[in-house]
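You will see chain A twice below: alongside chain B first, and alongside chain C after that.
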Partner chain A sequence: MLSARRLYTTASSASSVITPTHSIYLSTSTNPYFNLSFEDWLFRHAPQKEPLLLLYRDAPCVVIGRNQNPWKEVNFRAARAQSIPWVRRRSGGGTVYHDLGNTNFSIHVPRTTFDRGATAQVVLRAVRALGIDADVNERNDICVGGEKASGSAYKIASGRAYHHGTMLITTRLETLGDLLRVGKDTMITKGVASVRSPVCNLAQFSERVSHDTFVNAVVDSFKAEYGVYDEPCIVNDTDDLARIGYIQRGMAELPSWDWAFGQTPEFEYTIKKSFVWGDVTAHIHARHGVILSCTLQGLDSELGKALEGKRYGFVEDEELGVDMSGREEVVWAWLKEEMSSYD
Partner chain B sequence: MLIRPLRRLLTRSTAVSHFHTFPPCLSSRRILQNFKLADIGEGITECEVIKWNVKELDIIQSFDPLCEVQSDKASVEITSPFDGVVKEILVKEGEVAKVGQGLCVIEVDEELLDSGSAEQTEPASSAVPAPSPIISNSKFVEDDASRTEQIREEPFAPRRLHPMDPNYLSPSTPNVNPENVLAKPSVRHYARQSKVDLALLLSGSGRDGRIERKDIDAFLSHQASSVLLDSGSAAQRAQAEQDVIVELGRTRYGMWKAMTQSLEIPHFGYSTSLDLTSLHSLLPTLNSHIPEHFNPSKSSSLPINPSALHPAPSPPPVPESAQFTRLTYLPILLKTLAKAMMAWPVLRSSITPGSANGGSKPTLTIRPHADIAIALSTTTGLYTPVIPHADTHSIYSLSSQLKHLSFLGRQVPCALTTNEMPKRGATVTVSNVGAIGDGEYAHPVLVPGGGVAIVAIGRARWVWDVSKSDRGERRLKIGVSWSADHRVLEGAELAAFVESWRAYVEAPERLIGEGI
Partner chain C sequence: MFSAIGQAARARTMPLMAARTSPSIIMRVPGCRTIVTKKYTEEHEVVAFDDETGLGAVSITDHAQESLGDVVFVELPAVGSKVVKGDQIGAVESVKAASDIYAPISGIVTEVNEVLNSEPGLLNRSPEDKGWLCKIKLSAPEEMNELLTLESYKATWEA
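On to the complex of A and B.
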């Protein structure tokens, strides 16, 4: 049973900025925007020399890496159908699916002592302490019997670095598969592609494992590794803490178009469709979520030019200002469907 | 567990290394600095540039966000190492940069580069290269003993050296780098003119060890005088070979007499080490809150004036010799010692003068307060001024008194009077030998009138402690060696007293409960 205290922060003398003072935080909020913003606040404001641990769970959502292409990674239609949001996080790496059967850990350390292998070992020891024969693969992911139970990502900024990751305990793996299956092979992105692997839940290997037992094990392992004796501090998005400007701004930024879509790296998407009058091939070139160019072969039209400068996946019919005659209308309907973000 | 190699030194482009040979004109020249992608460790050889936070012709300052790069699963934020203007972006967003490849070109002021690196570098006096400027390898219990001209210390809150800074050093590279010597550009210029290699001076008399013009002059005259000695006459050399008889000065003779008398005191010793780790983490907070009357240079920048309605009570002003800007462990050790002394009346006792004469039974006089004497080693001799009623003073007040006493002691002739060194002395003496040498054990000597016990405090150092946990942990420890008068104290009593002291030192938060 974990004992914990209410949040306690101090105001430093130099300014009236509130800074975190604990070494271990547990968030009971399942709002991914809050959890990611809180994590970022801890990252930027905790004492630089001290190691810090944060554990949290999110309500179902898809989380893509900092520099990924959501159109390539997220199955928007499936997500829309199940009312599951997707979020772009601040650390690098690939796409993961979060739900309440998945527990996220985040270990923050000074940049100069950051060692991915060491932080992965902290979590591995916790999993092993629960009686599961797990291992770490060459990408520092925790696996059991050749299947991934955890995915990791890192963020490094001046002075500080963190390793955070997921741990599948009782996640709905079939939902995970649906949402992350996109199949847009003809979309070529400059960003980081996800490395797909077969996954498994820890619950498959032990009856003891649950969010709470996993959290306790990670807390113990973290304390042992870094010589920390603090008791965990429990946080929720309804606390006063959540009103800190930095966290509020973060929570507002994450779902904004500029962050979610506007951070998409350059990509090119080539699609082809057969219409009654012939084939049409569209070659779309976009960057930062905005269409740079769209060339159409098989249709003589101003449609391609009209799309330049528009937000990919968010173009309204009225915006085009092009006279839609029969063929153009059909082609536009097809393009619109292909680009759709279902938002 | 594999220890990953730390970042290698960022190489500077050749355009900059020429500044050492510039003609002596001090007009600021602009230099184009090629900022390269440093090795971010983890065996990564290339990164993709995800985002630039600046564009060409933007003005940037050190530590401003410059760009974000991505390497497999890691997203890295890179900040600017210089103040300057972004001249050219070499790797665009979406492109891949190899480690060592230039990311952008920044135009920098040559003088700014010089003084910038002077401010961003560790003072060369720290002999142990720090892996990160924030982690300190050893701290000293500071005593303003005048014997040491240059107090070896790390600046308390060092200006962090940017990891991308060309002067940033990892432990694998040797620390002796002339660019690490602190000096203003005008001083460097003077050194060049005088043909003095700054690396030979290592540190100077200015703030944080900065070399000033007068240090260069002193160095030159020292060189001149040593040259003179070498070329001395044969007669002088002959004289240097003979035995020389020297008379003891007044203070040294005083020490002689006192120590001869001390032979009648049966000493016993007791040594241990105290764990300063808790104090170490307290020190930054205490330092940032030194009361204004002790540290007037640090003015409070409150937008609202607490004295707007009515003047807030202000303590009496303090002479400059008693002002300090930095708190060290010694005043805290004295405070905790005073607390322990209050709990142990025998440590507040002294042999009643005259009571042991003529064969009658001696008596002990117990004082209501803790009087602690500090051993002060100065150019004029060894003194033991007293801090009376140390238990009634706050840690800041003790620090102020220490500063003042050492100021008086450093004056030539010595400015310490019977005011500071009353006849009845103190009951416990503290000798901060750690400021002088990194000894491990000492056997200090009690003199008549010096009290019932004396403690020598060593030098704080970080050690790996396996006594509390299997894994072990890093703790800051300091050795303390006691000698006590066995006519008054028992061994067990002293040991128990030292444990009382330790209980304050290792759990300083108790001071809050007791209202200090």
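On to the complex of A and C.
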């Protein structure tokens, strides 16, 4: 409790100009677009030789890896039903769910000294300091009793690298499961697939653990590891930070079609459906979110051809420019539902 | 590594300008490239510029692939796209991390190494040769002069 008070009385309120030269940042914003863009700004602008720590939480959202396929990773139907957005982050790895019961840590170091094992230990020591008997698995994820409490992702640039990760504390695990459960087994995608793992919340193991106590524990562990004495710099998206061009451009890019959908690796999707008049098989091939080809078996139609070059999941009826027969209309309605991006 | 050093050393002994202004003095062996200049960026890309074709083959450096570890996915630019030096033109993801690829020089992408789509590991096995990412027709070949030599590239990370 003492340390919690310590944190929140050291806000950098003296000056509204926030520089990337602090060692420790705590974001009180829960906007995933802001937090990810702020993180990227720190990654690109902080002194390359100095270690840096950022901690933040996001309002409910699904965050996919840099080279993942959202149609394969995000249950759009469940996400839409709960008005939960999804975001493509800039680091690698798999898909995670964020809400206020999850705290994200981000440790930045010089590229040449980057060691995923070492940064994982910093976080592990923080969790253990809270009285939880946690371990690191072979993927450098922090686990308790064999279940993952944390998922990690990494980014490397010319002179800098970061290890960031989630820490499940009191996350709604049912929602996490609903949003990350996608059935599309016949969607074959390039890029990176998520590795599904059983997960747990730290709060299951200790009453002491909360966002604040975890934040303090990571700050202490980071300070001890890197010999840092600076107090955390508290930031929010209402600060002047949000007026920094780099951060604004990042916040605009993340939800854009070009980034969110357009960065999707090549994929193929084969689907079948029985209609009263026969079976139809559709084979769709897409790259960068654009349909390269769509072949239809069981239906004599120009429909597949008309879809070429169109954005997967975003095709409006009027864009097709084909006079559709009754069967074509039914097949098109089915294809549209199957490709749906619910956005 | 040794072959990369050797090529760069040869390239330095033949200044780009001299080669361009007096191509007639160079013996051209059929089927054999004449002058290839290799230059590097701080972002760990390497360009092998062929003075005869005006094409630059872009790769990531051997050092970059080493620090990334096993590459599992490579995102390449589209053929025909116009790129400006510094633009993000692709991405590499390894078992360890994601990394961006930036255009080391400006021009038009004429070819991409499609083999990497099915065999991303080629980037580890032969980063600066068979694992090339794309070929760019340079719109401003003088940009090559602004890039780093192997020695100055190494100095950026061998601190």
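Everything below uses one rule, namely that the second predicted complex is superposed on the first by the 324 of 343 C-alpha atoms of A that agree within 3 Å, B and C clash if a C-alpha of one lies under 4 Å from a C-alpha of the other, contacts with A are read in each partner's own complex, and residues count from 1 in each chain.
In this text, a contact is a pair of C-beta atoms (placed from the backbone, for glycine too) under 8 Å apart; a residue touches a chain by one contact, two chains touch by 3 or more.
Computed from a predicted structure; not experimentally measured.
Participant: Following the superposition defined at the top, how do chain B and chain C come out on chain A, clash or fit?
Facilitator: Once chain A is superposed (C-alpha atoms), there is a clash between chain B and chain C.
Participant: Can A:Asp115 be said to touch chain B (first), chain C (second), both, or neither?
Facilitator: Touch status of A:Asp115: first partner only.
Participant: Contact-wise, after the overlay, does A:Ala157 reach chain B, chain C, both or neither (first, second, both, neither)?
Facilitator: both
Participant: Which partner does A:Arg311 contact after superposing on A: first (chain B), second (chain C), both, neither?
Facilitator: In the superposed model, A:Arg311 contacts neither chain B nor chain C.
Participant: For A:Lys148, using the defined touch cut-off, is the partner it touches chain B, chain C, both, or neither? Pick first, second, both or neither.
Facilitator: Neither partner.
Participant: According to the contact criterion defined above, which of chain B and chain C contacts more residues of chain A?
Facilitator: Touched residues of chain A are more numerous for B.
Participant: Output check: A:Ser91 vs chain B and chain C. Expected answer is one of first, second, both, neither. What do you get?
Facilitator: So A:Ser91 meets both chain B and chain C here.
Participant: Per the definitions at the top, what is the overlap between the chain A residues touching chain B and those touching chain C?
Facilitator: Shared contact residues on chain A (touching chain B in one complex, chain C in the other): 65-67, 90-93, 111-112, 114, 116, 153-159, 190-192, 263, 265-266.
Participant: Once bound in the complex, which stretches of chain C touch chain A?
Facilitator: 42-44, 67-68, 72-73, 75, 78, 91, 93-94, 96-100, 117, 156-157, 159
Participant: Given the complex with chain B, which residues does chain A contribute to the contact?
Facilitator: Residues 12-14, 48-49, 65-67, 90-94, 110-112, 114-118, 121, 139, 152-159, 190-192, 224-225, 227, 263, 265-266, 287 of chain A touch chain B in their complex.
Participant: Touching residues of chain B toward chain A in the complex: what are they?
Facilitator: 1-4, 6, 40-42, 48, 50-51, 63, 68, 70-77, 79, 93-94, 131-132, 134-135, 160, 162-163, 288-289, 469, 471, 473-474
Participant: Quick one: in the complex, what on chain A touches chain C?
Facilitator: These residues of chain A touch chain C: 65-67, 90-93, 111-112, 114, 116, 153-159, 161, 190-192, 263, 265-266, 288.
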